[in-house]
Amino acid sequence: METLEQIKKRIEAAVPGAKIDIVNNGSPSAQHSLKIDNEHARDVARFLRDDPALRFDFCSNVTGVDWLDRVIKKTVKTKQVVDGVEKDVDLTSEEKIPGYLEAVYHLFSIAHKHGPVIIRMQTGRANAQLSSLTPIWRSAELQEREIFDLYGIKFEGHPDLRRILMWDEFEDFPMRKDYRPPDDFEWEPTPHDDVLERAKQHYPARPTETELKPS
Amino acid sequence: MIGAGIAKGMAVTLRNFVGSYLEEDRLTTVQYPEERNPLPENYRNFPILIFDGNDPHAGLRCVACKICEKECPPQCIYITKSEDKKPDYMGKPQFYPAVFDIDISVCMSCQICVEVCPFEAIKMDKEFELSKRERFNALLERKEQLAKSNEYYHHIHPVEAAQVDKNLAEAAAAAEAKKKAAAAATTAKASSVGDAVSVPGKPAASPTAQSLGSTSSPGVSPPAAN
Amino acid sequence: MSATSSQELEQAPPRMSSRLEGELMEVSLGPQHPSTHGVFRMNVALEGEIVRKLKPVFGYLHRNHEQIGESAGYLQAMPYTDRLDYFCSMTNNWAYALSVEKLAGIEVPERAEYLRIILAELTRLQNHTSLLGFLLSDMGAWGTPLMYAFREREKILDLFESLSGARMMCDYMRFGGCRVDANDDWIAGAKKIVDLFPKFLDEFEDLILQNEIVIARTQHVGKLSPELAISAGITGPMLRASGVNYDIRKIDKYGFYPRFKFRVPLGDHGDTYDRLMMRALEMRESLSILQQAFAQIQPGPVMNPKVKIRAFKPPVGEAYGRIEAPKGELGFYLISDGSANPYRYRVRPPSFINLTILEDMCLGHTVADVMVILGSIDIVMGEVDR
Amino acid sequence: MGDEIDEGLRSELQRQGIWVTSMQELYNWGRKNSIWPLQFGLACCAIEMIATAASRYDIARFGAEVFRPSPRQADLMIVAGTVTKKMAPQIVRLYNQMPDPKYVIAMGACAISGGPFKQGYNVLKGIDRYIPVDVYIPGCPPRPEALLHAFMELQRKIDNQKLSGPNKSDHLDREHPSEYPVPAFGKHDLVPRANPDVFRPPQIERV
């Protein structure tokens, strides 16, 4: 299989205007991915599927990821002149990354038996919208519905975008990292941390000694 | 010929029907409750706490380190550490669980509490006939119900329990030897300094700190810190 | 793939409106239905007895597996994977362990790899046997094949129980190996069961495969073309029944599968009968793998001693690991942010994605055939809804 | 008609070759040996339930092999597996459709309390929030033998039910409801979250 750089170059040649970034993966798995832009996503996907050398005809896994607002602290050592003396000073810069939602597609080729190539698309957390790749790979149909249900990304061009796992009246997006489940902690005999905090709200105002004693 | 396949299938059914009276291989029904298949050595159902000797309170191996509470995937263990210390089976003063509850209506029998316990204090029971007509208090097992003797443990897991006993004995012997060496060193020092009283009574190290990150698995866990 | 066929694939699949239309009668099959294999529901629009539209409804067993995986630690998610596809806890364990091993770069000792292969193939045996029993049950052979299948399944479950301590929820594998070693008695017992299995398989095939009723109910029912199967992400025996040679054991060469000689059975027509046959043939190959594994396995350690059980923190990054589970490609996609629990924990469930083309396969068939087609997909709701 | 027979008289008559019984005993004996479960499985425990019905454990020995696909013909609902919030209304509806006398076994951790999955947003923390449960089987999943044990526990319960008097069986009590309200799908959760007539957890406090 070609390297990601080669694939990136060929996509950029085949799909004019497409913005492709390689996202490096530091873990030993070394599965790097391609970040593609929203407007050209379907063209890029079609190229990946139909190009005779690549033929990624099998889209295995489609998933959403929620990234909250993050602050990345970078510490750089610089030399500064303080009171006429040169000193090593740690400069801490904070980079604020606004939260975003991501859809990740794992592609394999059954024709050439290679893979995976991972493509990812990003969108903001409010009004999340991406273009659906279901017209390219049918296997994305249910999985994109699942992302819509659990993360709230609207897939433009999806044939049947409804809630799939939760009921239709449900309003939240439970897999988002800032989701809090409803309160049903009346009976929690073994609570910890967060559960303990939430179970405490059900305790009577005046604590009694007898409850804690083993029966 | 049409119908040959069905006839062939009927022959199989007939062979099984007759065979179920004659062949042991096809006679599989176990007449529970009169007849029971023996449970294998490794079978696990719900956790129990092991105590040495005869007194469930005095001999309890648990020192309320709360590792199992933290590692339990469905969080079904609740422990409150005691304020005072009691001597454990080795005679060392240790904390003990003032409250140790396991909600067996939540427990998923995954054995992770056993794997992470550095004191061989929590083990898996084989009792499965636990149907109850009520839920809340009946299925919340307290320390008194959980405490089971080492003999009971030997009875349900003979191979594993023998290995655990061996490990504990080796650890105790090693600790004894170390203590003697330390005592010898301190007496040698004491002749010059004159302060050797408080050393042997103090636990060697904080057990929780020592066991963090250990690669314990049943039967080969690091011994209790003493 | 030619240009025309790819254009065809880009057409939207048919939709079903929520109200009654024309002559069609809407029927809801499930979630409580004797042959939906759990709490699965299908909204079917019928013209007489012929299915004109079919929409599967999911979520009746959606128990937040992925969210629990993200809030629990890496080790803590392992017993939860048992409950994904509750027939095949061993392969679920393996897929998850494999993904974490990829994520953290962990080596697995040789004996552990052999044990994993033995257990995975035993899982395949018991899954396929019970599937055939259930499928026949759906066709109206009420009881008998299922009883025979479960008789053999119990023997394999006994093996699992004596090794791991539980019949179904084994929780046996760990990152970098297996939790406990199998002793010689266990290997001998497993070998004995594997030796006797072909006898049962011969008998079982006599019982069902040439039965005229089975043939009439399954042949030319629920055909699936290879192009659609690939596009819809179908994997496992269902894909191979359509004639596509794709077995992850051969492609990814994970574990020690390259050391084993086995063939990949392929179907010609992609109909329900082929899918049924595929399971029977795969069991023969599994038996051959098992016999080779018993001959090759050597004593040795089963755990990589460098791997910590507690406070396990893989480096920052992500990994996608997949194996050939009995139902298809089971994958785990993990994103690590360097902390003790995964930032994103995603299961790629084979039977969920295999349901994508349920409607395409059922259109034009009768309601009774829908059950047979659904049965041949081999779904387990724990995995479909997670 | 439900009065107890004098044990001494009964054994004396039995010695003479006369076997006597009361209406209540006969009625309960008939009921307890022909409990027909509703054929309906939810999750992992359902497979153990099938294993209980299959060759090795053979629930037919207890007269309960007739798994009915229709709730109208069933006496017993074995809630085998995780009850999700999406499934809970259907389960309550199935319970309401069963004719009296009806019994419920909550099989496995999930059915009792949500079990290992109880932290989730779509899992009901125990089916006894909406319908009364007669026997609870802890275990994840319980062994087939454990299900048989629960079955015998249920038989004991049926055996002790009275036909008349102040302690008469619930299904003979006109005051006792045989149907319970079905929860509705809300915007964030089921409405209501529990039925206070059925679900009364005791107070327990943790610090």
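We call the chains A, B, C and D, going by the order they appear; numbering starts again at 1 in every chain.
Just so we're on the same page, a residue touches a chain if its C-beta (ideal position, glycine included) is under 8 Å from a C-beta of that chain, and two chains touch if they have at least 3 such contacts.
This one's a predicted model, so the numbers in the text were calculated from it and none came from an experiment.
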Report task. Tell me which chain's centre, taken as the mean of its C-alpha atoms, is farthest from chain B. Result -> A
Query raised in the report: What is the identifier of the chain with the smallest separation between its Cα mean and the overall Cα mean?
Result: C
Query raised in the report: Roughly how far is chain B from chain C, going centre to centre by Cα mean, in whole Å?
Result: 34
Requested in this report: Could you grab the centroid distance between chain A and chain C? Build each centroid from C-alpha atoms only and quote it in angstrom.
Outcome: 26
Query raised in the report: Touching two or more other chains, which residues of chain C qualify?
Result: 59, 62, 64, 67, 79-80, 148, 151, 154, 169, 385
Query raised in the report: By residue number and range, which residues of chain A touch two or more other chains?
Result: 165-167, 174, 187, 189-191, 195, 212
Query raised in the report: Of all residues in chain B, which are in touch with two or more distinct other chains?
Result: 28, 73, 75, 78, 103, 106, 108-109, 136-137
Query raised in the report: Among line, ring, star, complete and other, which best matches the way these chains touch?
Result: complete
Query raised in the report: Mind pulling up the chain A residues that touch chain C in the complex?
Result: 25-29, 31, 49-50, 57-61, 63, 65, 104, 106, 110, 113, 116, 118, 135-143, 159-160, 163-167, 174-175
Query - chain C residues within the chain D interface of the complex - result: 31-34, 38-39, 59-65, 67-68, 71, 79-80, 83, 86-87, 146-148, 150-151, 153-154, 167-169, 381-382, 385
**Report entry** chain A residues within the chain B interface of the complex
**Finding:** 187, 189-192, 195, 212, 214-215
Report task. Write out the stretch or stretches of chain D touching chain A in their complex. Result -> 85-86, 113, 119-122, 125, 185-189, 193-194, 199, 201-206
Query - Contact footprint of chain C on chain D as seen in their complex - result: 39-44, 46-48, 50-51, 54-56, 69, 81-82, 84, 86-87, 90, 94, 110, 116-117, 119-123, 140-141, 143
